[in-house]
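Shared chain: chain A. Partners: chain B in the first complex, chain C in the second.
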Partner chain A sequence: MPSSLSSPLVEEEKVLPPTEKQSPLAWVRRNLFDSWLSTLLTLVSALVLAWAVSLFWNWAFTQARWEVIPANLKIFASGTYPGSQLWRVWAVLGIVLATLGVAGGAWGGVLLHYLILLGAAMGLAAFLPLGTQSQGWLAACSGATFAAIALSRGRESWRLASIWVWALILPLCLELLLGDLGPNWPAVRAEQLSGLLLTLILAAAAMIIGFPIGVLLALGRANRALPVIRIFCTLVIELVRGVPLTTILFAAWLLVPFFLGGISVNLIIRAEVAFILFTAVYVAEDVRGGLQSIPLGQLEAARALGLNPFQVTALVILPQALRAAVPALVNEFLTLFKDTSLVFIVGLIDLLQAGRVVFTNPNWLGTQREVLFFIGVVYFICCFAMAYAAKQVEKALGLGKR
Partner chain B sequence: MNWMKHLNGLVPLAGALALSVGLQSLPAWAQLGPLTERIKARGELICGVNNQLPGFGNLDDKGKYVGFDIDICRAVAAALFGDPDKVRYVYLAAANRQSAIQSGEVDMISRNTTWTLTRDREWAVTFGPTVYYDGQGFMVKKSLGVEKLEDLKGATICVIAGTTTELNLADTFRARGIPFTPVTFDGDDSSFNAYEEGRCDAITSDQSALISRRASLASPDDHVILPEIISKEPLGPLVPHGDESFSDIMNWTVYALFYAEEKGITSANVEEFLKSEDPDIRRFLGQEGNLGELLGLKPDWVVNVIKAVGNYGEIFDRHLTPLGVPRGLNQPYTKGGIQYAPPFR
Partner chain C sequence: MTSLSDQSHLRPPWWRNERILKVLLQVAFVVAVLLVFGILAQNLLASMRRLGISLGFRFLGNSANFGITEGLIPYDPSESYLKALVVGAVNTLWLSAVSIVLATVMGFVLGIARLSSNWLARQLATVITEIFRNVPVLLIVIFWYQGVILTLPGVRNSLSIGGLIFINQRGVNLPSLDLSGWFIPALAIVIGAGWGIRKLLLARRPELGSLQRNLWISAGVALLTVACWVLFPEPPVRLDIPVLERFNFRGGIQLSAEFTAMMLGLVTYTGCYIAEVVRGSFLAVPRGQWEAARAIGLSELQTFRLVIVPQALRIMIPSLNTQYLTLIKNSSLAIAVGFSDLFNISSTIINQSGRSVEMFAILMATYLTFNLVVSYGMNWLNARVKLVER
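Coming up: the complex of A and B.
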């Protein structure tokens, strides 16, 4: 293409296909009523839709006892976490939001939008009659988020620090949630972490820890030079992938104590290790797919430039492989988020179990529809937010265009 | 006070030393078994429970475990430690009970478990006194005009899979030659939901569950519970084999609940009973004799239990009466029921 090399102005003269402008009416006619068959289908589906919506409407506004949701918000959010220690959860939420706020301010993009949305939502929720303590904390969390954003807005030099700081923040949060902080604030048992709090902790930890392990496993499996490592990684991946998650959880619950010979490891940690393992092997296969999409020429070119094997992997191969693996990874993380509901097998109470606990409370018998609908909405919001964020990341990386 | 924590590690060692020195001189009853020692050293009882059965075991809106079965755990903790809150609850699904008790994941199970010979042997456990005599019943829509089981010929019946309930249903109907179609579900909620939505003509479950669930249906009066009971479902707590001192503590704690009701001792008036002159009550409450010592407990262990959870009737009234469950067989023998405690002497 000699012309594009000769002048950058040619770019602007590119002729795009004409975009069609249609009135809504024309769009409807063309897409919904263009033949007798599609007219029939449109009418039938409209009827079915109207029937379903009216049924739902009728239930939601005349029969449903929605008061079950506000009355049990504490159970949904934190389950059996001791009520007198609830301030710790709020404080951790504030710290996490503030740290995210710093990152959002420094990096901008979809993270910033989410945090503004979240901060605003919490600010508004602070006006709802949820009790002075909750309202105060909501306002404080909202304030912390916005303060952090304002502080770091546009400071690109903070970008890397906003990632590394998590190495400090996460242990701090864990100590704050569970630690023995003095006579009035005794240690909280890890099993008491429950509800949405548990779901988020399980999913986040499995992603944060499972992802790097998965990348290493993928690199190990793709490595031709070190056969022992390759065989080991392949074995781990195939073994864990070949067993259902429920089985791994059962093993973590019932078999691990026998192997440890009396050393008791916390149940949540055992379950978490199961999730990390499971996530890691799937991430490994997603990343391996990415690795295989890199042409051999990239590797040879990088070597020809004099990069050592580590640099070749870290600077040339991995960035491209991960970019290609983004859609698969997002898929994996969404699945993981929902799979955390399987912890009921080992007796932990995640968001879904918290819901079951609510509608089997004698005061709220017969409210399973309301409760399950609410839980579905919460799951949907979390998953949609993740999927949308991933879409923005894909756009920023130019996935599917370059 | 951190250094004191490290000293805790020495307690078992010191215990073992003391034991080895005193082994010859101590009578057999004074030696606590390994599980009791472990629970005492840990400072809390680990109890396997249900958190999804209204009235028996569920969480209140503060996230605390409450219910009839929960109070049994609390009573045992009160007997052991004088504090009913020294319990760690572990939720167990029905299918996980056996593995949880065998692996030592829980010290005790109090989770609406029917006592059967197979469970007693295959789980390698000791069942405590039956705390609730249940039986399998049927609920049907009033409009069907069903009055006895024979009227259910050809009916579809909702039932939970993998339970004794399912087996009893098949046995009874086969024995009487009544054809029927079972529709199985994985739990109470799905089963009762399906019944309410009209997917089955009748639903079978434990009588207590039918009564409490009927109250939560949209129009309870449209449904009737048949008078016929087709099975025995004695529900009670259980502990693993291997430590009779602990199973004795569980047994006598439950008996103490029965006994207190027989004697009219409640959480409200237990202090007054401490002044009683009746030697039987003085022995029971630890004013006289060495009943507590024989179990390896404090002399006033019964007082702690009654103060914490009340007597058996109080527990029943707190959790099951509000759901409309009648006392039925679960009255003391003095009032026509079959709850009966051996003598405390």
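Coming up: the complex of A and C.
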């Protein structure tokens, strides 16, 4: 028997691939000084790096007046929102975090990680000397987040409810921020929403409302059976995409009142409509890309199963198209978040504009670098967190894998 | 037994006939759209009547009466709104063109650095692109303007680079090339001579390799250039170096602080996006192409130049087009730092004349035209480099 012959006598040699054991020196030679070109690159990069770091170091630790940041935290966060009513903003933050906490507990994943991180950060910040009121609210928000997570942890049946509940929470938050809540707490004018608060509201509303409109526009543009609707959608998309956002905002500010026939609409809402329109047309193009990536066979198979056109779109085509469009959509939302800074055109005060308010204040003249650096870090953290979360979602959806 | 004509009652009734439904749906849609537009138009006309203004483009001929701080073409406040708009449009184009060229260069450098085998260059490029891609372009522009340029030394203490370039609070002064009346003849002589030498060499010394031939041609051209310089009564090209006078520099090209800030902001922001496009395009070239090119004996540089770059360019062009269009639209942020671009000047005109409807029509038409022109150019390029298929 051949097998008995070979097995005891000749020991089977397992040939493993050679493990790369590099000494640090070998690594350096391989990655930094591989060729004369590589050596040159290393030297140039090192010089640039050393120059930038020394410049930054010199500025950050000897010249910069960092006290401008803690002294103006309120302006960065909520701008001109009346100081006596600030508890409303804190309460809204607590409610939003708690609702997110419920969703995070039920869904798990990257949302849960972010919320734990955020809750922990707020809990730690509660120990900073920010004044008893802020510290108390920070602790409360942190507590609300963790309580909500603990409540819903592992309850998968809450998943859908944790999304629909926003339909209730969002109007409630808006009322809490702006409404007339009794003699001591009069209504707040919408223009007083400012700072980071305004940035977040503008971005969130534009995403939530602009996304479905964008999907409809994309479907309208892809629809070959209804040429009139197709032409209309194409026209809207191309016209809005061809014009800078600044112009659209300017139109919302100066042009729209002409068309409203005497009805006065709040400036924030007009600016928001501009952002929604802008988001919708860019989302439409991304979704159209997704729609084009779906093979025709899917449509034919769905029709063959007896689904009507509406069912074909809603149950077969759109889910696949949206999944394929996730990376592009995330980029769109990131761009939108950054572009909310353009509301300065209509005179609203968002996070960036609040920063400009701070460093044009006579007390803080010459602090523009510190302020802009701080605001840049805030934007960077938000964008980076969103991009990271999107990558996790892409992984979970198996994009590019199947 | 049912005859064919009897089956007609089996057909769905007209209100469930898909073809009729489609027509009805579209008619309803058109009616709804027309209704909305009708109401809007009526509102517009009503408010215009109330304000006592009428539609029309005749106001463009009126005198503008406001100054423009800088422009490529001469302008005087007594000239018309139309002239002011043209100055703004030219400024937008000039800013966009310079920024597009520099952003492309920066994008290629960063994008290729991110693919390099050198660890340090790769990390450095990654950090730079991540920083600039994750903050608003407006923040970058304001940072360059108020955080960097306005904090530079004044005109008297300008930073000088080699005595040629001077940088101060008011912007950048670059040397320019001054062409004299003798430039065209000199150019004609040099080009003609180069062409002649090439013809001569091809006819008399066909055994020369292309490298040797080019060396000969270059030597001849260089000799003639020097001869032109010496023999002409006035040098054909002169370097105009900015000179500090009492209040500011004279001569050379002056880039204002506002222009420089806008340009730097647009270049750093868009450059990092282009870096991503470049990186993605090179990664999209299949690895087998590298291996195959090396296997047929091309050197690494040849592989890159002859095999990889043409394919990567093909993938890159549509995305580059998008980035260029975004850059042109972002150039309207110039209003934040006070550079007189098209949008800034239009907003001044709207404030002065109250003609918002007409001005928006003009703005939309102009930006759409810019976009169409760039798209057309990029599509032409795309058609040139795209794979020729049967």
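Here is the rule we go by: the second predicted complex is superposed on the first by the 375 of 402 C-alpha atoms of A that agree within 3 Å, B and C clash if a C-alpha of one lies under 4 Å from a C-alpha of the other, contacts with A are read in each partner's own complex, and residues count from 1 in each chain.
Note that in this section contacts are C-beta pairs under 8 Å (C-beta built on N, C-alpha and C of every residue); 3 or more make two chains touch, one makes a residue touch a chain.
What you see is a predicted model; the values in this text were computed from it and never measured.
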Room on chain A for both chain B and chain C (clash or fit): clash
Chain B versus chain C as contact partner of A:269, first or second or both or neither: neither
If touched residues of chain A are counted for chain B and for chain C, the larger one: C
First, second, both or neither for A:342, with chain B first and chain C second: second
First, second, both or neither for A:251, with chain B first and chain C second: second
Partner chain(s) touched by A:368 [first = chain B, second = chain C, both, neither]: both
Chain B versus chain C as contact partner of A:384, first or second or both or neither: second
Which superposed partner A:396 touches (first chain B, second chain C, both, neither): neither
Chain B versus chain C as contact partner of A:71, first or second or both or neither: first
First (chain B), second (chain C), both or neither touched by A:189: first
Partner chain(s) touched by A:83 [first = chain B, second = chain C, both, neither]: first
Colliding region between chain C and chain B, picked from 187-195, 223-231, 241-249 or 277-285 after the shared-chain fit: 187-195
Overlapping contact positions on chain A, where the chain C interface meets the chain B interface: 254, 257-258, 344-345, 356, 359, 368
Chain C-touching residues of chain A, taken from the complex the two chains share: 31-32, 34, 38, 41-42, 44-46, 48-49, 225-229, 232, 239, 242-247, 250-251, 254-255, 257-262, 334, 338-339, 341-342, 344-345, 352, 356, 359, 368-369, 372, 375-376, 379-380, 383-384, 387
Interface residues, chain B side, partner chain A - complex: 51-55, 58-65, 88, 90-93, 96, 99-100, 103-105, 188-189, 193, 212-213, 215-218, 322-323
Chain A residues touching chain B - in the complex, by the definition given at the top: 63, 71-72, 74-75, 78-83, 189, 191, 194, 253-254, 257-258, 344-345, 347-349, 353, 356-363, 365-366, 368
Chain A partner contacts - residues on chain C that touch it in the complex: 22, 25-26, 29-30, 33, 39-40, 42-44, 46-48, 113, 116-121, 124, 130-131, 133-139, 142-143, 146-147, 151, 329-330, 332-333, 335-336, 343, 347, 350, 356-357, 360, 363-364, 367-368, 371-372
